[in-house]
Amino acid sequence: MADRYKYLKEAACEANLEIPRQNLAIYTFGNVSAIDRAAGVVAIKPSGVPYSELRPADMVLVDLDNRVVEGTKRPSSDTKTHTLLYRHFDTIGGICHTHSTYAVAWAQAMRPIPNLGTTHADHLVTAVPVTEVMSDEMIRGDYEHETGNQILDVFRREKLSPEEVEMVLVAGHGPFTWGKDAAKAVYNAAVLEELARMAYLTLQINPLTPPLKPALIDKHYFRKHGVSAYYGQ
Amino acid sequence: MADRYKYLKEAACEANLEIPRQNLAIYTFGNVSAIDRAAGVVAIKPSGVPYSELRPADMVLVDLDNRVVEGTKRPSSDTKTHTLLYRHFDTIGGICHTHSTYAVAWAQAMRPIPNLGTTHADHLVTAVPVTEVMSDEMIRGDYEHETGNQILDVFRREKLSPEEVEMVLVAGHGPFTWGKDAAKAVYNAAVLEELARMAYLTLQINPLTPPLKPALIDKHYFRKHGVSAYYGQ
Amino acid sequence: MADRYKYLKEAACEANLEIPRQNLAIYTFGNVSAIDRAAGVVAIKPSGVPYSELRPADMVLVDLDNRVVEGTKRPSSDTKTHTLLYRHFDTIGGICHTHSTYAVAWAQAMRPIPNLGTTHADHLVTAVPVTEVMSDEMIRGDYEHETGNQILDVFRREKLSPEEVEMVLVAGHGPFTWGKDAAKAVYNAAVLEELARMAYLTLQINPLTPPLKPALIDKHYFRKHGVSAYYGQ
Amino acid sequence: MADRYKYLKEAACEANLEIPRQNLAIYTFGNVSAIDRAAGVVAIKPSGVPYSELRPADMVLVDLDNRVVEGTKRPSSDTKTHTLLYRHFDTIGGICHTHSTYAVAWAQAMRPIPNLGTTHADHLVTAVPVTEVMSDEMIRGDYEHETGNQILDVFRREKLSPEEVEMVLVAGHGPFTWGKDAAKAVYNAAVLEELARMAYLTLQINPLTPPLKPALIDKHYFRKHGVSAYYGQ
C-alpha cells in the first residue's frame, strides 16, 4: 500500500522543525500536529525526540480518540490536549505547543497579554487569554485531556472564537496556538512570542499603558481579516 | 522599452532585505520605499510578501497620488503614509517602516525616547518624537493617509525638521524612519532600535536619569552633521 | 599502552564544547568534567584554554584526591569543587560549571530560583537552591574545596537529593549542574539558564507570582522521572 | 622601504574586526588602536569606515601628538582620547572604545557598575568607574582630549591603577577599555559588556544586592592576577 498520510507527516514534521528555527523552544520541548479532517487522523511529534533527528517517518499518527493508527514511536505526551482541541475547534488544521520564553513568562505570571498595539491587533482583537489554574483533581486525573478542557473553558467563558483568537496561555505552563494548518500554527507561536515580548517591554516603560483603542484594534484586524481585508496579495 | 526604474526597484528591494538582516521585523512585517524625485515615482514593497521571496521585479511603482504606475502586485498597505511623507518632506529619498521590538515598545507606551547619551546625539538632538493617538474619525476614514498626517502634525507642533530628525514613533503602532535614500532610511531604523533599547535599559537602571546636557548633544550632533562635521571620510 | 581513557577525554571535551554552542559562557569561562567511577578518574577541562582550541588530548585526568593522573596541562582551577561533589554525590557521572548570564544574576542576587511553571517542574520539584555566602576563613583556606562544601551544606540543610536536584547556585558566583554523564550535566546547565530567564521575566511581569501548586509540580516531574514516567521513547 | 608598521596595522585591524564579531557595536560605531611604544606610533581605525570593508592598510598611523604619520584616511574622531590615555597609562598597549548596549546604559545612567560577583572579581576588584559629566567649557574646547582627561581624573580621584582596572565608563557616552595589547583591550570590552548585563539583571532581581565581600573579591582577582595566580597555563 502506498504511504497514504505521507503529505500529513511531511507537513507536521516541517512545522515541528520550525520550532527550533524560530527559537521557540530548546532541546525536545514543544510539539506540533497536523490533522486530516476527512480521515480523522492527526500526525504529531513523537515524545522526547530531538528536533535535529526528526524525520517525517518519525511522526506518529493517532485518531481523535488518541489511538495510534501508524508509527512505532510513542506520540507526544501532550497528544490528548491536541485531539480535544481538534474535536471542539472544528475548523483548525494544525496545533503548536512551545515553551517560548516570553509567552511562558506571561503564562507563569497568570496574566493575559493585553492588546497594546497594532502588531497585536493585526492578529487578534482581544487580549491573549490565559486559562484558570487546574484543580488538583483534574491534575491527578486525565491531565493532558484536562489541559484541553481548561482551554475550552476560557474560550467559552470569554466568548472567544478559535478562528479569531488562534492562541492561548495555559496558566503555569505555556502557549498553545493553532491555525488553518500546521505551518500557520507555528507562525502564530512566533507572533505570540513577539507580542509577549513587546507587551512586557511596553509595561516596563510605562506600567499604566492603556489597551489600544477599539477603533484602532478593529482597523488593523480587519485590514488583514474578513471580507474587507486589503493586506496581502 | 528598457526597464526605466530598474535602479529604483533594486534600491528599494535591497533596502527591504536589510530589514530581516538587521532583525527589525519578523515574517512580512515592515516595508521600505525609494523615490525618484524627478519622475515622481516611488518603488515600494508589495503587501504581505515574505522577505525571503522578495525580488526587485516584485517592487510596486506608484506615483505620489498612490496610483500604481508599474507592477502586478498590490503595494504595501502603508503606501499612503509613505507618499504623504514624500509630498511634505521634500528632501528625503527613502522611507522605512518596521515593527522592531524596542521601538514598538516605546510607541505602544506612547512615550518619546529621551536623548540620554551620545549614541543618540550622534544622530539627532531632540527626543525621538511620538505622535498623538488618532481620533476614531481619522481611523475610520483614510487611515494610512491619516497616519502620515499624525507624523506631519507632531513635526509641526514640535517645530522639528525632517532633515534633522529622521525618525518618529506612531503611537500604539511603531516606528517610521527616512533619509536621503532607502539605505539610509533602514540604517536609521536600526539605529533607532538600538537607541530605544539603550534608553529602556538606562531608565531601568536609573529611572531619574536626566537628558544629556545641551552642550554635549550639540557637540556630538555637529561632529557628524553640518559644515563643521569632522566624523567620517 | 593503548589510550585507556580516550572515551572519557572525548566525552569531557565534547561536553565542554557544548558550553559555547549553547551560549553558556564567553571566552574561557566555565568547565565540564566526566568521571570513570570504576577507575576513580576524572577528565576535566584544562585551566584558561579557549574552547575553540580544545581537543580531547587537552583534557586533564585527575584522581578523586586531585592528583594529576595524565595530561601536560594544569587542570581547571575549579577541579577541587568537582572532585568533592563526585566523592559525595556518588551516582553522578558528569559536572558542569558555567557563567551563564541569568543563572549568574540569580546567584549574585543570592536568591533561589522559585519553581514557577511546568518547564521548571519538568526538571525538578524544588526551587533551584542557592548556597550560603562563604566565611572569610573558608575563602582564605582551601577555597575551591570549600565551594564544594557550600554545595553539600545546602543539600544537607534542605534535604535535597542530587539525583532529583541536579543544579545549584553558588552565592555570588554562578551555577554548578550535574547528571548521569557530562552531556546531561551541560543539558542541565542550558535548562537552568532558561529557567532562570523565565523566572526573571515572570517576576518582572507579576512580582507576586506564587510558586506552582504542588500537584502540578509532581504531575510534570513524574511524567518525566521515576517508574510512572510516560515522556520520551 | 619595507612596511615597517605592518604588524601594528594588522593587530589594530584584527582587533577592530572583533568589535562586530563580539556584537559590541553596530555599523561604524567604536574603534580600537594599538601602540608601538618604542616608535611612539599608534595605529587606529579610520573614522566612519564600516567594519566589513576594513583592511590593515586602512589603519591610520598617528604619533602621540596626534599627527598623522602614515595613511590616507582621517583617523577616528576619538583619536585624541586614545593618545592622551597612552601618554598617561604608560604600560598599556591597546585601547578599545565601543557602544555596547549594557555598558552604554550604565554610562548613560551615570552609575558605576558594582562588583556583585566572581565574574566581575575575576577581572577587577573595584566597581567599574564612571567619569564626571564634562563642563560646557571642556565640551566646547578640545572635546576628545578632555574626554581623556575625564578618564584620568576619575582614576586619580579614586586612586585606581590602569593595570588593575582596565575599563571605564564615560558619563553619558560609553565604555573605554585597554590592556597589554589591542586584542586584550577588546577582550576587556566584551567582558565589561557581560559584567554590565549581569549587574543589571542582578539588581532587577534584588535591588538591595550588596557588593561581593572583600575576601571573595580578592580571592578571585588574585587567582588570575599577580605572583600567586593559579588560573590558566
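Think of it as A, B, C and D in the order they're written, each chain with its own count starting at 1.
Definition applied: a residue touches a chain if its C-beta (ideal position, glycine included) is under 8 Å from a C-beta of that chain, and two chains touch if they have at least 3 such contacts.
The structure displayed is predicted, hence computed values, not measured ones.
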Intersection of the contact lists for subunit A and subunit B: none
Copies subunit C and subunit D touch via same or different residues, half shared test: different
Chain located farthest away, centre of subunit B as origin (C-alpha): C
Gap in Å, rounded to a whole number, between the CA centres of subunit D and subunit C: 33
Centre distance in Å when subunit A and subunit D are each reduced to the mean of their C-alpha atoms: 47
Subunit C, residues touching no fewer than two other chains: 203-204
Complete list of chain pairs which touch one another: A-B, A-C, B-D, C-D
Residue ranges of subunit B touching subunit D (in the complex, touch as defined): 116-119, 187, 190-191, 194, 197-199, 201-206, 209, 212-213, 215-216, 219, 223, 230-233
Subunit C - residues contacting subunit D, complex: 26-29, 46-49, 73-74, 77, 99, 101-102, 104-111, 133-134, 136, 139-140, 143, 172-174, 200, 203-204
